[in-house]
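Below is one structure, written out as structure tokens, with a few remarks after it.
Chain nomenclature is as follows: A, B and C, assigned in order of appearance, with residue numbering initiated at 1 for each chain independently.
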Amino acid sequence: MATLETALIVEITLRTLAICGAALLVSLALGLPLGIALGRRHFGGRVALVSLVNSGMGAPPVVVGLVVALLLWRHGPLGVLHLMYTPVAMVVAQIVIALPLVVGITLAAVGALDEDWELQVRTLGLPPRWRRGLLLCEIRLGLLAAVIAAMGGILSEVGAALMVGANLEGETRVLTTAIVMYVGMGEYEMAIGLAAVLMGLMLVLTGVLTAVQQSGRR
Amino acid sequence: MSGAALLSARELRVERRSRRGSFTLQIDALDLRAGEVLAILGPNGAGKSTLLRALAGLEHPARGAIDSAAAGPITLVFQRPAAFAGSVAHNVAAALLGRGLERAQLERRVREALERFEIASLAPRRAHTLSGGELRRLALARAFVLAPAVLLLDEPFDDLDASGQASLSLDLRRAIGDTGVAVAMVTHDLRRALLLADRIAVLLEGRLAQIDRRDSVLEKPRTPEIARVVGMSNLVRGVVVAAPDGGRRVEVDAHHAIPVRTALETGCGVWAGIRPEHLKIDVGRGGSGIAIGKAVVRSVVDDGVAASVALAWAGEELHTHLLAGRGLARSLEPGALVVLAVQPEHVHLIPVAEAPRAAG
Amino acid sequence: MRLRCIDMVATAAVSLLLASSGCGEGSGKLLLATTTSVRDSGLLDTLVPVFQERTGIEVQVIAVGSGAALRMGSEGNADVLLTHAPEGEQALVTSGAALSRKPFMENYFVIAGPAADPAGVGAAASAAQAYQRIAAAGAAYVSRGDDSGTHRREQALLREAGLDAEGGWPGFARTGAGMGITLQVAGERGAYVLSDLGTFLAFQQHTGLAALSKPTPDLRNVYSVLRIDSARFASGINAEGAQRFEDFLLAPDTQQRIAEYGVERFGRPLFRPLLLRE
């Protein structure tokens, strides 16, 4: 038990990548268009929606975990889905945590554009799909910041992951929850090994994304 | 020189409501003709930008229509052109995205547009690193790459120094001639307008006060307000009287009169307008025109290109221009007494209280 | 293969934590290592204030897994242990890290599960037999899997039942998390689970699980207090404080308190004191 079990570390890491990757992709797929839409248009309830997004960004992840748990557990409104303590529940919780981050940062990036930028592109007579492409290109830096922030938040989340996933071996055990477990068990070798993997993952992913982000500035 | 009307506005009415209040733009008739530049002048808040945006199709008119007989797009170049992330070449190419052009064709058109405005050497530069003048050229290249039928320009010479303005206007003039595009240009600066204008439209309080060939508007403004907008800064009130030699004069006061050529009745109250360039300081060499009396020099402002002289005459302040650095500009001092002269045909008369009418 | 340097880093980290919270020297502070189930039972919340008021010694309670608590003791990172893992405790005494082991209270583990009891655990004569039935039925089962006292007992029972100590039948899940979460997962899945009494009662309403096992000898859970040998470790062990704490736990009035604990909250006591004269 006091050994570094490589196969186990690999299994936990792959699962972490799968769950966090899925959450990240969904958050981006939902959050980027939402952030762009909120950033451009000015409509009636916009201020209210933006404050909601900002509150979401600041919401403690454990609170999110609790809310999701209350929704998904047996006696909760979505209990019939039997999603509690499954990877799906963890993905859901992570999406709820990351979505406000993506929306908030994206809408800030869009809002930083000149007021008539949109108008100027429109008067060029470009078809809508290309207008969107130009917009994405323009806010590229902000978008990548959103991705990095969301990824960081998702990968490092432990409280909510534990609450809705329960760290079940072979099912919902990810790097963060495993680290907590091994420390609690006094198995520091494994804990440090997993922590090293997690840090390495973060550094590599963030490094790659930052390189992409900064390459756009040259 | 005027070609077919490529864009026509008829009975146009645009209403805007802002925090400051409501504003209505009302244009009875306006045409933009191929190969011709219409400069739209007017004080701030007159509705110039609104008119331009309406012509671009960005406004929802409450009434009226804008018809386009154009075979190509109507393109608006903004006062502060947007520089997209990427190279200058990409910025110009962006305008052609999604139109199904072949790559070779697209590159050729981009190159042509860049060369038109002499920024082909800037093609690989990041658009964000361009200077103000370079950015303006980029915006124009981007507009021309679309092969527009109608080009609408909002302050195209903003941020440019005198030589920049001169060189850009040359390139623009050439491009307009080459492509036969109909151009409308909005500016608050008369001199910049005159760099390109074939016709001038003066907008006052949302209405077309006067629209005519450039020289007609400059020399024959219909109202004092229009006169001020087109730079006829010398405007004095007077009465038409008979001159001793059988002609007419405008009597400003007991001691000051200006000789004029007019068919107006004597006793008619008028504004007499003289463009500064037509008001001469008589140095006794002749050819300046008929003397209209003495004036005291109030100030001489020399900007290296021209010297602007303010003079006190008949209780009014008149202005004239002298070539900088030349004899008179150098020697004239405030307080000096000079003789003013003008050619009668250069004095434009506006009968008092004539309603302004637009002419096509 | 034990990596010594990682061992030392871990020790250093924990020592730093402990050192920063005050020196163990003198009677000022007492570091008590115990298990999460003991902490979650709430017993210490009742006893520790009494001890502190009486002796003026501030008690710092560190609740970790049973294995981790024993390890803290063996490395001199705690002054006194309150655990319920007899074999591990015995080893500590044998090695000399602990001066003594004094059992002072007990209760019984409970095998809980769905009220319908499809595997028939309620009819089993012993815990080992209960496990045989569960395995035979291939029923859903959730284990703590965290090397805690409860987990070790579970492993012992599985071995006694002739089964793989890691379970092995489909439906066997391991949380590696605390008792509470493990119970919740069992409740959510309608699975069987081995739990300490206190936590089970605390979560019963929430999980909807029923206590199915009888208090058979193999489910007996004995709690002991161990004093760590101060002579062995360079970092100051509060030997005096440990002694006073042990005396306190063994004292008649404390034993009486233990006998009564839980009645108000659960309607029945959680523990049975071992030293109370009837």
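Quick note on the criterion: a residue touches a chain if its C-beta (ideal position, glycine included) is under 8 Å from a C-beta of that chain, and two chains touch if they have at least 3 such contacts.
Because the structure is a prediction, the values reported are computed rather than measured.
Peer 1: Just say which it is for the chain contacts: an open line, a closed ring, a star, complete, or other.
Peer 2: line
Peer 1: Farthest chain from chain B, going by mean C-alpha coordinates, please.
Peer 2: Relative to chain B, the chain with the farthest C-alpha centre is C.
Peer 1: Approximately how many whole Å separate the CA-defined centres of chain B and chain C?
Peer 2: Averaging C-alpha atoms per chain gives centres 91 Å apart.
Peer 1: Using mean C-alpha positions as chain centres, tell me how far chain A is from chain B in Å, no decimals.
Peer 2: Roughly 56 Å separates the two chain centres.
Peer 1: With chain centres defined as C-alpha means, what is the inter-centre distance between chain A and chain C in Å?
Peer 2: 37
Peer 1: Which stretch or stretches of chain B touch chain A in the complex?
Peer 2: Its residues touching chain A are 56, 58, 73, 75-76, 78, 80-82, 84-86, 94-95, 97-99, 142, 146.
Peer 1: Along chain C, where are the residues that touch chain A in the complex?
Peer 2: 1-3, 6-7, 9-10, 36, 64-65, 67-68, 71-72, 145-148, 173-178, 181-182, 184-185, 187-189, 208
Peer 1: Residues of chain A touching chain B in their complex?
Peer 2: Listed in rising order, the residues are 114, 116-117, 119-121, 123-127, 129-130, 133-134, 137-138, 140, 216.
Peer 1: Sort out for me which residues of chain A touch chain C in the complex.
Peer 2: Those residues of chain A that touch chain C are 1-4, 73-74, 84-85, 162, 166-171, 173, 177-178, 181, 184-189, 192.
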